[in-house]
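What follows is a set of structures to go through.
One chain, chain A, links the two complexes that follow: it is found with chain B in the first and with chain C in the second.
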Partner chain A sequence: MKEIRLTTKILKTLVKDRIQYPDRLFVDTIGIIARCGILLILYWYVFKLNNGVINGTTFLFAAWSIFFYFSFSVLRLRDISREIMKDVQTGNVEVLFSKPISYLSYRMWWQVGSGIYSFVVITLLTVVALIFIIGLPPTMTIGIFIPTLILTFLCGAILSLFLYTIVGLLSFWIEDINPVFWIVDKTIMILGGSYLPIAFFPEFMFKIALWSPFGASQFVTHTVYETWQTNWYQLLGIQLFWIVLLGLVVYFMFEKAKQKVSVNGG
Partner chain B sequence: MNTYSITVSNLTKKFSFSARNASSGWLKNLFSPETKEIVAVNDISFSIKHGERIAFIGPNGAGKSTTIKMLTGILFPTSGKVNILGFDPTKDRKKLAYQIGTVFGQRSQLLPNLPLTDSLEFFGVMYDMPEKEIKRRIAELVELFNLGSFITQPVRKLSLGQRMRAEVAASLIHKPKIIFLDEPTIGLDVVAKKSLRDLLLKINKDENTTIFLTSHDVGDIESLCDRTIVINHGTIIKDLPTQDLAKTFVYEKYINLVALNNFNNFPELPEGIRYSSKDKNKITVVVDINKINLQESLKKLLDLFEVEDIDVYNADLETVIRHIYERD
Partner chain C sequence: MMKELYFALYAIKKNIQSSAKLRTSFLMNIFGVAVNNTAFIILWGFFVKSVGIIGGWTVADIIGLQGFVALCFGIVFSTADGIRKLANYTASGSFDRFMLSPKNLLVRIATSSFGVSALGDIVFGIVCLGIFAFLINATIYQILLIILLVIISTIVFLAAAIAIYSTSFYFTDSSSVTDSLFELFLTPSLFHGGAFQGVMRFIFTFAIPSLLIGALPVEIVRDISLGKLLLVSVLAIFWFVVSINIFNRAVKKYESSNFMTFGN
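Entry: the complex of A and B
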């Protein structure tokens, strides 16, 4: 009960914080329009050059898949790595360790709270805009789409938090996690389908995207394709497997990390 | 009932780190680096009663902050036992956190972009206080700490003095039994320092809150703490009432000699007397009364110098503390 109350308070406080500074929402919106919008225009042109179909997929499916990646990225869950590193480097970790909270769950909810306002506003606006501009693929109108989308989205969020938390926790051992962060982040971006829609992946790369935790954290981009209707339970199973495994890794790493705390002046 | 808030027995903390060996190759340094060890806190023991006001002092790197962090459960001791209000901080960190408050002078726990009320409410929820109790306690703290004039301002717009008052207020939201303060007055002006000290004294008096403070500011120690523990090189070198600390070097008397004209030369002084400072207008000497009594030293000094005024006094607390650090 206490955890739920604190979580709600974190989310409310951070939404209030973001509402108070609408310029951040504006910057986030411009950011997604620039990144996602330009990519969609380019793909629209590439599809047009190929008579509207590439590798059996039309622009409509690819566009929604790319959009789901960018929408998910607005949550900025990846930033948890840098927040943990900042806590360790500045010694702020001691302030949080002296409170009656679990440091990691506090950091995770804080990260969710930091991005949720931009995520909700930008996603709603962009979904409406995309429906009007390019329409909905038939796969998004069937009954299981919304419930499985929510499930895979939640599993993807947990998995992303775990992956980036593991990177962040490395800062208890190494001074600068940025090189590791860069590798993990780019792997997730590529396997998640941010540069190239997953429908275009060669078979070996598709398998990596399917079976690695990096790709599994972005299964939300798979939901628009027809294969999702038959594979969703398998993909959710893969996500759950990685959640359990990485959850254990996070737990044991943090138990070790607590004993490595060595903040300024102590 | 246990009369002690804090009991520390044979507490030791060692930090080990990899050190690069210049004579070894990079591969050896990468996979098999040399490990060096620093003993930050070395086998210290002390007890603190409920409601005591403790200054835990020492020069930089003496082990003060390391000790405070072990007492609050942030750092794990290498060996030894700590008991805070019946809890072992390494095993019961969260349970203990409900009973203690912490203020780290160089770090902020407040939410920078939001008004102070939001931070106070946030911590109230964090400490699982009922909504009504949070509101009542905030009103109490606003009045006690005089926060009313800036409570609606975003924290990042507060002055340092206002922010520190707010930090302490936030640490007291849950009425902790002990408050640990790590250099709380650092960077504050004299007015803000006094205001903060007065507030801490009031909290100690009204709520019997045990105060455990580290500071380099002698004013904090003198005006706030009834007992001082001095630590250096990780070891406790003094543990005594603060008023007795000033008497530690009572055998040393300081004499200011103000020149009638100017002092042109500075002759060698008799045994037991040494210069503390030399200036054309004023000389300060230190007399060791174990070697020469005050009357005789005054006579000898007056034979040596033509003076307009004389002032005899004991070493101030800052000098005493400096002596203790230097002597160790």
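Entry: the complex of A and C
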């Protein structure tokens, strides 16, 4: 009960904060225009040059897949790594450890709360704009699409939080986690289907994307393709497997990390 | 002028010495950035493999593009990282101490910080341009062109950074605005240059100079196009003059917040 109250409080406070100070929304909007918007225009041109079909995929599918990746990134779940590093470097972690709350769940809910407002606003507006400009692929109108999209989105969010929390927890052992963060982040970017939609992946790369936790955290980009209708339960299974495994890694790393902290008071 | 240059070099030297003290972090940052940048080559490399050649752009050109952009980014943000912190300086009031300094204001701000990770960009950029030159079987003339274009592109990059971060003086909490504008400039510069055609090419050459720091230099070296070289050079001078003007005008907007943040 206490956990639920804390979670609601964090989410409410952060959403109110973001509504009051919309600068983050401004940053995220420009960010999605600079990355996703320009990329979609370029892809539109590239598909036109190739008579509308590349690797058996049309622009409609590729565009929605790319959009799902960038929309998911607006949640900024990856920032949890740097927040943990900042806590460790500034000593703030000592203060948070002494409070009657779970440090990791506090950090994770904080991360969700900081991005949720921008995510909802930008996603809704962009979905409407995309429907009007390019339309909806038939795969997005079938019955199982919305429920499975929500499921894979939630699993992807949990998996992303676990992956980036592991990177963040490394700051208890190494002074600067940025290089590790960059490597993990870019692996997710490549295997998630960001600048290159998964339909363009060569066979071996598609397999890595399918079976690694990096690709699994972005399965939301797979939902627009026809193959999703037949193998969604397999992909959800892979996500659940990684959630359990990485959840255990996070738990044991955090237990070890707590032993590294020496509270000096002050 | 020479005095200012000596001061800038002295400040950069001290910044490097200070950063190198944390040896492991220093080396890991350089390595991490190189891996980080390689991701874009992998992505656009697979893009070329799937889509085929667009606008005459091959994988070699993608490597050249990443090389030019990384090298410009590295040179500017290793030596003049302070520009990126302008929004923080103005918001926190620590800009006061730069105004009180007898040195050139822009040089003093630019050299006030050193980006360790940007050294990784420099290493990565040089390696990429080396590979690019090898893959296109570059002649001596083309190698000289690459060196000249690195200088020109760096001027454009520096000018864009100065212009963008000068907007810090116009907003109360400007870091979000400056970061967004910088992203709007940098992100398209990393995209496949051949896919920019028509209106998009015009916008990202003249209105937002993203293509001037990567795509156009690659095309100039590949096609040995003197017309484009002239265009890029003229635009570089134009952007540099404009950015200095923007900075000088913007500084006049600054109001001291009377914070005593001496030192550092």
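The criterion applied here is as follows: the second predicted complex is superposed on the first by the 261 of 266 C-alpha atoms of A that agree within 3 Å, B and C clash if a C-alpha of one lies under 4 Å from a C-alpha of the other, contacts with A are read in each partner's own complex, and residues count from 1 in each chain.
Please note the rule applied: contacts are C-beta pairs under 8 Å (C-beta built on N, C-alpha and C of every residue); 3 or more make two chains touch, one makes a residue touch a chain.
In this text the structure is predicted, and so the values were computed from the model without any measurement.
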Will chain C clash with chain B on chain A after the two structures are superposed, or do they fit?
fit
According to the stated criteria, A:L125 is in contact with first (chain B), second (chain C), both, or neither; which is it?
neither
Scan A:K258 for contacts with chain B and chain C and give back first, second, both or neither.
first
Thinking of the overlay built on chain A, is A:V95 touched by chain B (first), by chain C (second), by both, or by neither?
first
For A:D176, select first, second, both or neither according to whether it touches chain B, chain C, the two together, or no partner.
second
Residues of chain A touched by chain B versus by chain C: which partner has the larger set?
C
With chain A at the vertex, the Cα centres of chain B and chain C span an angle in degrees (to nearest 10) of 80
Applying the touch criterion given at the start, work out whether A:T13 contacts chain B, chain C, both or neither, answering first, second, both or neither.
first
Report for A:R5: first if it touches chain B alone, second if chain C alone, otherwise both or neither.
first
Go through the superposed model and pick first if A:I142 touches only chain B, second if only chain C, both, or neither.
neither
Nearest Cα pair across chain B and chain C, whole Å
10
The residues of chain C that touch chain A in their complex are 22, 24-25, 28-29, 31-33, 35-36, 38-40, 42-44, 46-47, 49-52, 54, 117, 173, 176-177, 179-181, 183-184, 187-188, 191-192, 195-197, 200
Where on chain A does chain B make contact in their complex?
2, 5-6, 9, 13, 16-17, 20-21, 90-95, 97-102, 258-259, 261-266
Touch list for chain A against partner chain C, complex
23-24, 26-27, 30-31, 33-35, 38-39, 41-43, 45-46, 49-50, 54-55, 174-176, 178-183, 185-187, 189-190, 194-196, 200-202, 205
Residue numbers on chain B that touch chain A, as the complex places them:
15, 40, 64-69, 72-76, 93-95, 97-98, 100, 102, 104, 107-109, 111, 113-114, 118, 121-122, 125-128, 182
